[in-house]
């Protein structure tokens, strides 16, 4: 450990108590990656604070010492957004997990950043409410992480993302101050840009979330089609009919095979694609729209439609979909999860192109996607024991992103950019676009110490940097040569 | 057959192939779904004290990092509750990983003299009914004289050793321990013949549970065979990584029950261990087939009764019960619905769910003795959940859980009647009425009610 | 070269400003109306080169909002940037230029059975102005405000560079969401030239259920009963032209069968005085009367307090159950009285984690009041402003804290 970090470790030990500072290399290494294991960096130091004031002090100390820091919640991100710095401090919020206030009359709750997403819903379920963002990791991902990543989920087609469900955040800024950012109120909507900034603008220490009235009725069906094209046709027909389902999910034959092997979800045999459509809302609306969706699926060529009669049957329908990623292990030794978005109407063309890409490269690609909003999760399968296979898979995966950009889509719908995709950002945005986004970062964090190296491929120079400068001044370095 | 020797046989060759560990480790995709179900992660929020973190530590060791004190500390803190196995979407066999790792720790890692003394005391006493029995007389005298309350008040034992203090706290009030005959005949027409495991702690400290189990089985039309030759099933040793010891116990148990078609087990930890014999002895050609057969015919009491179907008349028990999932029943054996179904089948009885049912109570075999601080924090969490149900009786299928939760309730100044599923059924089938359950107050209600306070913040479950 | 000539080289419509074009009395030196994003970029580049202070103008519906600019060398008028760039109806997405009137956009979208789910309190207001003012009406209860519906935004920066964020897909977390940052930024960060919105289908049926209530407590009760019911309203409004007595109204949208059933439920909740109609009640989606307008953040539980307070001062109000409303101060309110009313409202609302911002006020009132109230994170806002507009030339003085 560097002398600077050792000094910080001492300070933090006094601030937080010895149980909340980790310096042992073996323990530190358990924090070397989040949910994306292909990027690893053992943190220089890990701290587990309990309060916003402690985080503010930690950030001030880091700023004074010119040491970078990264915040981490449950460590479930899929783009390496919480990848630590070997020369920095990892601030883990997993002990800040109190639900501070539940305010049903105002439909909101105040939680600490380490509170688990699903625990918010559990806390208000009896009152008929829930926290709408439902990423598939909701049983463990933290609300603080949701804020950083602007997490969505299967039901964000209808209910939107975390940004739509956060009313305000108490934030420790890179200056080490504690400020309140709110969606309503005077001045800029800094909250709007803070949510989804992947932890590069500060650390949320208290989050006021909007609670959503749980629907009176939920109805789910599974429709099996001969082909992806037919399934895609049903999606277009449903959206075209003015129906806004809570979720529309699609799986292709390969992902059905994997899910079957893993959880025996008993999807109709011989299906080239299955579609899961969930409608929710007032009983009187749902009943009518559901009949319409059933008819549209049949018209689009569904050869079997199963309607969940109760919660258990609904869970069974969802089991296959929810296990799809982890189930890939059953049909392939290794795989990459891609996350790209295309306009929904481009679905058939893009899927055909992915097929062609797969055929040409010999790399198998399974497709699982949030069909309603065009969010693709191609799973690129490979054998990590085979030399060069990982590189080939990586290449196919990158080409899929190119396809998304070509069709006017995005390189990430919900996993974030993190370290994993920062190199793709210049394909989607111009240098000016990226420079403009980084103006915000320069406003918040001119020294560039808050989760550096994420989102943007190259940092922007922020002009006059207050406080301690990192490394030698460019001119000073040159002067030394003479 | 002569009475078996009460010391384990010589170690058999290791069953695990060397390439197995990397393969099992490789199945973890680091998704973190296990974290919220892990009791130690819930307590401390640290990566190293989660299944994902422990697997990472195992991986570090497999990659060449030496097994050091830091790693062993985190492996030791694992309760082995297997909640993570239930929650894992990728099918990681953490149960096997931690057992293999513990076996390695036992072989490779030198322990401090104090740790050694405690571990030896535990493993040389608990698995041996006769030795446990020898403890009963002094314990009874100790409780009867009121000396126990005095000792607890002084905190003397806490200062000498938290582990010994835990052992003392958990001792249940001891009544008469009836002996069971070798055979109990079915009432009414015979529907099955079953073997019954009596267990160690169950047999010596909770004899009433075994008697109730035998009666319920007989009333449901089973001839119950209780082989005298049976001893400890080896569960405690197996779950602590003392594999050779566990194998010796397993072989003796296999022999003892070879004559019956079904073995009914009323202790969750024992049942789960016996279902694992196929893996434990799988590498031993002389025993693999016999172990497989035993595992295949092992049934938890609730599992067996639901398979058999009810025949005896259920009489009303107007009482509310909180059902606690023993980890070795719910996570290790996947048995959750059966005990609830049996309880719900009793007229006028209401079953209440404890919040966070997947979370371990901290008993976990020998955990409450070896990791007393963590165990009591978990016990407090669970006790709070049980209290919140407002139920009159706590029902669990594992003696360790009942002792643990009752003790924690005692620390909070509360008492609750505890019963095993078998005892509730017994009370219903025999028409004993609710009082038969509710007057069974749990031990430990005499403490000052102040819970343990650690530097770590506890998870407040909404 | 003179600024006028330099501008004329890059933009087809440039002229000196007229006295009647003053922004809260500050007459612009020049007016430029670019017809394309490229022209707009050229105009902004010239403005940067000449150090011109720039104020954007759409349909002038909210040009009198905020505080007057410190200076206004150049008014950039967006009325020639008024095209629908792309309506991808299959994807429920539309891209439109900043100067397009929302009414026109709505008509075009309606022809294909779709809508941008934003109310239009001021007829004629434009895409760019609506975003810059973060303007929304009753539908915000279900659909949110511009920050929730803008999925892509193109702006011209102070230095004349064109920058884009977001995209054409609803689900997208690539890069910072500058769209949300620009919502409500009042022309102080850059010139909005184009925006992409998420759309919704026009519902097949709708109905308004309204009910007069006489007191603040009853209004609160009625709102709570609707808010926590499962009828999924698109809007719940309290219209209070003479508070504390007011009208509670709920808008239900959906399929005809559903709307019929939910209307019955809403009627049952509101009691025997409830009425069902197809047309909105009077004042629905409009700002309340008055010459001073306040935008209040007022959570549902503050409604009783709000109605009581403003009733005492004979003010008017409209309020959405999302927790946002508007309060109007009558023309005759004396400046010091207005200042006292505003301070009192702020104090009361702060207890409910609410706030009050003045939208517009007569000059004499402006001089007497604190326009914005306490601004949390003001320092951060200035730091961000300094990055986007280091010369402080974009709508200088129009926004919080002298921004």
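Letters A, B and C mark the chains as written, and numbering starts fresh at 1 in each.
Note that in this section a contact is a pair of C-beta atoms (placed from the backbone, for glycine too) under 8 Å apart; a residue touches a chain by one contact, two chains touch by 3 or more.
Being a predicted model, the structure only gives us computed values, none of them experimental.
In terms of which chains touch, the assembly is arranged as an unbranched chain of neighbours. Here the chain at the heart of the structure, going by C-alpha means, is A. Between the Cα centres of subunit A and subunit B there is a gap of 39 Å.
Centre-to-centre, using mean CA coordinates, subunit B is 63 Å away from subunit C. If you average the CA atoms of subunit A and of subunit C, the two centres end up 30 Å from each other. Residue positions of subunit A touching 2 or more other chains: there are none.
Of all the residues in subunit A, the ones that touch subunit C in their complex are 103-108, 128, 149-150, 152, 156, 160-161, 163-164, 168, 173, 175, 177, 179-193, 195-197, 213, 215-216, 236, 239-240, 242-244, 281-285, 287-289, 341-345, 370, 373-375, 408-417, 421, 425, 428-430, 432-437, 439-444, 446, 455, 462. Partner subunit A is touched in their complex by these residues of subunit C: 88, 90-93, 113, 134, 144, 147-148, 155, 157, 161-165, 167-181, 183-185, 189, 200-204, 224, 227-232, 254-255, 257-258, 260-262, 265, 297, 299-301, 323-324, 353, 355, 357, 372-381, 383-388, 399-401.
Those residues of subunit A that touch subunit B in the complex are listed here as 17, 19, 22, 24, 26-27, 29-35, 37, 48, 50, 74-76, 92, 94-95, 97-99, 102, 114, 116, 119-120, 122-123, 137, 139-141, 262, 322-323, 325-327, 329. Within the complex, the subunit B residues that touch subunit A are 27, 29-33, 35-36, 41, 44-48, 52-53, 56-57, 60, 65, 68, 70-71, 74, 87, 89-91, 455-457, 459-462.
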